[in-house]
């Protein structure tokens, strides 16, 4: 990333559009009647999807990053937006999950036909657009302070999503999430301030050329990294995640688990692979991976012990996030052209994307089950598989991706990561990855066994479940499976721009 | 690896696993799902045709949209494929008339297991092998749990736990193989060829033997087998015991490097195999349930196969894959046939019981190598790799144990038949079963010359006949002595060592509770926020330590 | 002691106090106040950093000043949101007003406890 003079590329305007389009949706939503907000969504979602597709096409065809220089002021004075391979892929994943969630939420967040307007449906759509805009800003930003703002926007939009239903428990969960995330962001900001003090710039491209190995840099980097870990809910900083993700309504949980926690992870990767490449010491990389390993083991065992389906899925998210952190010890040789580092790089992103699809599908399936039964106690799920076969199928497919059964994105991710651990000589991470898959198999089959079993007492279905919403969950699960069809090689697309 | 221009052959090869998978796709329509079970016998037809007609060495590389799988047929693969497909067909005919509840679901699980079971014999790359192996391992869960009784639930939970463990072990093994393969190739042949020079040879071999050892139920990894076969509906038990278990056999055939002599690994495998062979007999004779006796017989037979494979590995004998495939194919038909006969006995009136019992007796003793049965030839073929040493002699002696166990099976069968008479009768057609029984008897005679390169007449010499007879006679004498005294044999619970393992349950629970306590503590606000501060310091220190 | 050092020490003290409050204070409102203290410390540090520009003959580096203003706005928004949540939490009828909405969507409020 040498940026002597940053100039905009021809399709750079798409990047601004990607961030501003959902914001435009919010502005329109504020002036229209609450009953029409769903119609606004039908316009915002497909066009936003088209923008993300266009960015991916532009990046793929150009074979290089798309750049936009805001206001024509080049860094360090101005701010640049850039879309490289990973940001384009993140944008695509975001667009797919958000559009699917929008379709899924149609049944859940409708205005009552009569009486006063309800607040939750109105707020939901606005939050959805905000999250979309914030995530796009986060993956496109290349200025540490701008990224801080994007990160805060993301948190502010994510927190109310938790307590949309307004029960006391969910408000508590939201508050806990909010306060913990605030500690994280203030630490990040402190680190960024120190970086500015040291190097006089916050632009990632410029920093990569200026960063020196000195104690102040280490402290600043540690502050930023750990602040972001708190927002990613990496073990042992995961206290807020289970109640928040399990308490949110199903579409909210899907977005939170699939996308929001990945945003801050993306930023950690940006710091260590783009802003300070080569400065992550072996010990620090091992520390991050060790936390990931702890997340996998503790999260998976706790998932096995849960009695509520949504809590089980939330703990599974904690575990699955752990795999992402193997990118640090395994892919650091990536820039130097070491083959298996490229494998680990691709494998980690595959884990991120496939988990996004699988987990969104799984939370949707859990939401549909809870809707049909009025509860989500795992022990009493018997027989629901017969009533909701499509939902069960969606759950099973996404579960298989989480376990890492071929063909699925989860399998590709684990295969590539494992090959990298072996070549890197860090077999201890391989053991954790394998045990994690085994434990995931345990909690997935625990639920599948209940879904398939005969009901203990005749099932009472509280409400009809719409077929189209079941199909939305299934299609996301199928996306996770289809990711398994990519070749088991380093992806060229994901290394565009580096 | 020549891609022949022979389109029909290539299509057949791909159709063998694809047809059952395509049949499942129809299950999306609920009405089609309910009728699917009637078409189960047709699912393995392409595989049977492929096993007989496709020339060995034919291979096909599927497009990337189908995972880029490579399918290839060779002689051991064809033998295993043909015998397994035949059993699946007979099992399908049986299931069509004997499964009455939840037929749609049963058919779906059946077809997935079937696709995996046939696919493993054809997969030439590790990803494809792992894919099919996963299908056959995990989908069998649905067959085992079908009856939804407490026993079925316990058996299926245990089964799936160990199947997942096996999957995990093999995943790691394949990664180690792929990491050492030249140019990132995932072809099994490339990976195995590179294994002897691989820096990860020892762990890879260990994982391969453990992973596939779980599937073929080598002692002490055998605990799932008796529970599973007893709990599964009869046709499912037949195909699992006969066909699905061969996924483990073919795995060992494909992944052990028989072109390099590895005495230590080979002899270790052979010794474990013989222990299993013996163990299966000893525990098997104490079992009252004929299905459990058959399950222990499978443990014993698979132990014998492991002994042959082990000796092959120890001496670097490249003929072993073919011999083992031959032996395993006979076992498929004989064991599958015996399980199916149990289903038939349930339905027969006492007068005609002998019509089933007599062929069943021939099948059962065939497993012990009774002269003139297919089993005699199977044992004869195995003699070569086993050699004349201590292992060879012990393996030969194990035939006496098999005879004993099989006679006990027949006697147990006879004593349990009257109890089953009260059951509402379902009447599976006997013809399909007779075809399997006949194939078990005849198929080895047809294939024998192509396996060992000697005429089948060789089997009829006095020396060979006597060699095959005396273990049977010895087993008969043991049975005659033991049967009247069977009361002294304490009925060992099915799954034997499992009962010991279950004592570890509280310990495992304690570990889980400890994890829960850790999590509870870490989710305290003050602890978690202190963790942040601590982590900042740790990370800064770790960054400084460069 | 230069002014820069003095301000730096002040900001460190603020950060330390804020952090202490956020960690040990059980009441959410006090946590929010402590967070603001923490934020002020960071902003003060940013102000000190702006002195760098003084070396180039300017009164100060303008970039941090612009960023601090943005940061204050963000921190204010965060405080507002957090306080709103606290208010909702301590409303006497918290949960009741919206409970019917929750049950109509099919979720049992305390499914796990029964």
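Read from first to last, the chains carry the letters A, B and C; within each, the first residue is number 1.
What we mean here is this: contacts are C-beta pairs under 8 Å (C-beta built on N, C-alpha and C of every residue); 3 or more make two chains touch, one makes a residue touch a chain.
In this text the structure is predicted, and so the values were computed from the model without any measurement.
Peer 1: Which chain lies the greatest distance away from chain A when centres are computed from Cα atoms alone?
Peer 2: B
Peer 1: Tell me which of B-C and A-C has more C-beta pairs in contact.
Peer 2: A-C
Peer 1: Taking each chain's centre as the mean position of its Cα atoms, how many Å separate chain A from chain B?
Peer 2: Whole-Å distance between the two chain centres: 41.
Peer 1: How many angstrom lie between the centres of chain B and chain C, each centre taken as the mean Cα position?
Peer 2: Chain centres of chain B and chain C, defined by C-alpha means, are spaced 62 Å apart.
Peer 1: Can you check how far apart chain A and chain C are, centre to centre, with Cα atoms defining each centre and the answer in Å?
Peer 2: From the centre of chain A to the centre of chain C is 24 Å.
Peer 1: At which residue positions does chain C touch at least two other chains?
Peer 2: Residues 22 of chain C touch two or more partner chains.
Peer 1: Pull out every residue in chain B that's touching 2 or more other chains.
Peer 2: Each of 525, 529 in chain B touches at least two other chains.
Peer 1: Two or more other chains touching the same residue: where does that happen in chain A?
Peer 2: Correct list: 183.
Peer 1: Which residues, counting only chain A, touch chain C once they are in their complex?
Peer 2: For chain A paired with chain C, touching residues are 76-77, 108, 118, 120, 145, 148-149, 152, 155-156, 159-160, 163, 165-169, 171-172, 174-175, 178-179, 182-183, 185-186, 189-190, 193-194, 196-197, 200, 249, 307-308, 311, 370-372, 374-377, 462-463.
Peer 1: Chain A touches which residues of chain C in the complex?
Peer 2: It is residues 15, 18, 22, 28, 31-32, 35, 38-39, 42, 45-46, 48-49, 52, 61, 63-64, 67, 70-71, 74, 77-78, 81-82, 85-86, 88-89, 94-95, 97-99, 101-102, 105-112 of chain C that touch chain A.
Peer 1: What residues on chain B touch chain A, complex-wise?
Peer 2: Those in contact with chain A are residues 64-68, 105, 127, 130-131, 134, 138, 141-142, 145, 148, 153, 156-157, 160-161, 164-165, 167-169, 171-172, 175-176, 178-179, 184, 186, 200, 511-512, 515-516, 518-519, 522-525, 528-529, 531-532, 535-546.
Peer 1: Which part of chain A faces chain B closely enough to touch in the complex?
Peer 2: 176, 180, 183-184, 187, 213, 215, 218-219, 221-223, 225-227, 229-230, 235-239, 242, 279-284, 286-288, 291, 297-298, 301-302, 304-305, 403-407, 414-415, 418-419, 422-423, 430, 434-435, 437-438, 441-442, 445, 449, 452-454, 484-485, 487-489
Peer 1: Quick check on the complex: what are the chain B residues that touch chain C?
Peer 2: Those residues of chain B that touch chain C are 525-526, 529-530, 533.
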